[in-house]
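Note that the chains are named A, B and C in the order they appear, and that numbering of residues resets to 1 at the start of each chain.
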Amino acid sequence: MRLDVELEGFSGPLDVLCHLVESGGISASGISVSQLIRVYSEFLIENERATINEMAAFFSLIARLLLGKLKALLPPSPGNEQAEFERGSEAELIESVLERYRPYRAAAAGLAGMMQARGRSFTRGGSEEGPPWFDLGDLYSLCMVWWEMVRRRREGAGAAPAVLEEEWDGIPTVTPEEEQVEKRMVEIEILLSSKGSLQMSEVFGTVFSRQAFVVTFLAILEMARLGRVHLVQEVLFGDVRLSR
Amino acid sequence: MVTSGYRGENPLSPIARAVEAVLFVAVQPVGVKELASVTGSTEEVVAGALEEIKERYRDCHGLRLLNIAGGWSMATSPEQEEVVTLFRDVALSQRVRLSKAALETLAVVAYSQPTTRSEIEEIRGVRSERVLDTLLGHGLIKVAGRRKGSGTPLLYRTTDSFLSLFGLNSISDLPTLEEMQDILPVDEMSDDGGRDI
Amino acid sequence: MVTSGYRGENPLSPIARAVEAVLFVAVQPVGVKELASVTGSTEEVVAGALEEIKERYRDCHGLRLLNIAGGWSMATSPEQEEVVTLFRDVALSQRVRLSKAALETLAVVAYSQPTTRSEIEEIRGVRSERVLDTLLGHGLIKVAGRRKGSGTPLLYRTTDSFLSLFGLNSISDLPTLEEMQDILPVDEMSDDGGRDI
C-alpha cells in the first residue's frame, strides 16, 4: 500500500487557530473570542479556499468554548462533571486548549515527513493487488465485516434504515458531519453537468430526511457563494432554476 | 572494460546469503527469531548477517534493508525513488491519500494509545468519527478492546501497517512529542521530501 | 585499484543500481528495452548493467539474475533453495492472513452458523467455493453435517481453533450489532478507496 499525504487545507479548527496565531493575526496571550471571530472573518475574506466545513467546524469550536465558559461561570450542578473548563478568562481557556493541541499538530507534521521518507523505498510483495489482508485474531475487523454486510444487504433489499433523530445535547453534537456538504456539492455538480440546468424541486425530489434536506440546501447556497451555480426564480413563488 | 578487481569482491557470508534469499521472498518484515530458526543459526549470528547485508546494500546497491514493524524487509534505496516510480508496476499500485486531518488523528492515537474517540476529539477540537473510520478501513489503526468504566468506549491503537508506513520498528521508535516539535512544519516541506529522518 | 578489505567493495554502477531497484519491484521479467526507457539510457548500457549485476550476484549474493521469457528477473539463488522452501512452509503455517473475501466468508459462517454455501453466497453476492476451501484448509471452519431437505447441502460451522484464535470462549461471545454500533461507519462510506479522508 502506498499512501500520499494531502497537505492542503487545514486539519481542523484548532489548526486554523494555530495558523492565525502564528501568522501574527492574534497575539498568543490574551485572545478573546470576539477578537478571534473578527480575525477569522478577515482571514476568510482573504482566503477563498476555506470550505464550508472548515467554517462550520471553527464556529462550532468557538461555540463550545463559550459554552464551557458559561458552565464554568454558573454554580456547579450536582453530577456535572464539566470540571474541565475551570473558572478563568477566555484567553486562558483558549490558550490551554491550544497548548494541549500544539504538540500533536507538530507530531502530525513530523509523521508526514517520516511517511515521505519511508515512501521513497519500495518493498516487493506488490504481486497481489487490491484486497487488504487482515491479521487473523482481530475480532473487531471480523465483526465490522459482518455488520457491514448486514447493512449493505438491508439497504440493497430496499428496506430504508430507520432514521434516527439526532440527539440534541447542547452544542457539541451539532457539528456538521465532515464532508457531507461537499459530497452533496459534487453530486449536484454532476447532475448539473449532465443536464445543463436543474429545477430546485428536482434536486430536493430525492431527499427524504431532514438532515439530507439541510445538507442539500447548504450545498446549493455554498455553490452560489462560490459562483459555481446561478439561481433564478422566474415566477414569484415558483421553482428556482439552477444553472452554471 | 572493468579489468582488475572486479572478481575480487568479497562474497557475503553464507548466513547472510541465506538471510538475503529469505528476505527477498518474504512479503512482510521477518523477525530475527524467525530468520534464526529458518537458517538454523542463532539470533546473534543473524543480527551480524543483517548488519553485513545492510552495509553492503548501502555501499554498493540500489537496495536497502529496513528494520520495520518488528522485523526486516528488503526495499529499494531512496535514491532509486524516481526510476522505480516511473516503472509501471509500481505506478499502478494502490495509492491512497491521507489528509492532514487523518495524520493529525493518527498522531493523537500513536502518542496516546490506547485512546478513545472522545479523547481524540477533545484534543483535536473537532468530530473525528469519519477520520477514524477511514483509518480503520486502511488498517492503520485498530480497535483494541474497551475502556472499563462509564460508557465503556472503544479503545484505538496503531497497527503494524502504521509502523510499516512510517518506517518504524516499534512504537517506542517514534520520536517523542518534544522531538517532533523540532521537525519542520508540513507546509514548509517541499514536494520532493528530500529529507531523511 | 581496488583495495582489499570490507570497506573496499566496488559499488555497482549508477545504472546497474537503478536496474536492480526496478527488477526488485517488478512482478514479471522486464525487457532490456523497457529497462532502458525507464532508466533513461541505451539498451547497450542496460545490457552492460545487467551483466554487472549478474556477476555480482553470482559471486557475492544469495540472489540470481535470470533471463527468462525475453526479460530479466531477480530470483533467489539455487543454493538457497532449502532455506527458502523451509521459510515458505513455516511462514504459511504460522502466519495466517486472510484476504477480505476470506474474512467476509468467515464472518458469515461465524454469525449465521450452521450455514450452507448458497446462504453464504447469497449474503456476499459472489461465489464462495474457493474461499470456503481456504478456510477449511486453515482449520477455521469445518463441515458439520448436512441440512435436511432438498439437495441436502453441507453445513459449515466455525472450529475451536477459530475461537482460540479470536480469543473467544464461545460463539455467543461474538460482539452484537449494538456493541459494534459505535465503530461502524456512520453514513454510507463511499466505496472508492482513492479518496481523501
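Quick notes on this structure:
Just so it is clear, contacts are C-beta pairs under 8 Å (C-beta built on N, C-alpha and C of every residue); 3 or more make two chains touch, one makes a residue touch a chain.
Just so it is clear, the structure is predicted and the values come from calculations on it, not from any experiment.
Once CA atoms are averaged chain by chain and compared with the all-protein CA average, the nearest chain turns out to be B.
Of the two chain pairs considered here, A-C and A-B, the higher C-beta contact count falls to A-B. Of all chains, C has its CA centroid at the greatest distance from the CA centroid of chain A.
Chain centres here are Cα means. That of chain B falls 18 Å from that of chain C. The centroid of the Cα atoms in chain A and the matching centroid in chain C are 36 Å apart. A separation of 29 Å divides the Cα centre of chain A from that of chain B. Along chain A, residues 6, 122-124, 126, 132, 134-135, 140-141, 144, 177 each make contact with two or more other chains. Listed for chain C are residues 21, 24-25, 27, 183, 185-186, 196-197, each touching two or more other chains. Looking at the complex, you find that chain A touches chain C at residues 6, 122-124, 126-127, 131-137, 139-151, 153, 177, 180, 183. Per the touch definition, chain C reaches chain B in the complex via residues 1-2, 4, 6-7, 9-12, 16-22, 24-28, 30, 38-39, 52, 55-56, 59-63, 74, 76-77, 79-80, 83-84, 86-88, 90-91, 95, 182-183, 185-186, 189, 193-197.
In the complex of the two chains, the chain A residues touching chain B come out as 1-15, 57, 60-61, 64, 97, 100-101, 103-126, 129-130, 132, 134-135, 138, 140-141, 144, 175, 177-179. Within the complex formed with chain A, the residues of chain B that make contact are 24, 26-28, 64, 66, 73-78, 81, 84, 89-90, 92-101, 103-104, 106-108, 110-111, 123-127, 129-131, 136, 138-139, 142-143, 160-161, 164-168, 175, 177-181, 183-187, 189, 193, 195-197.
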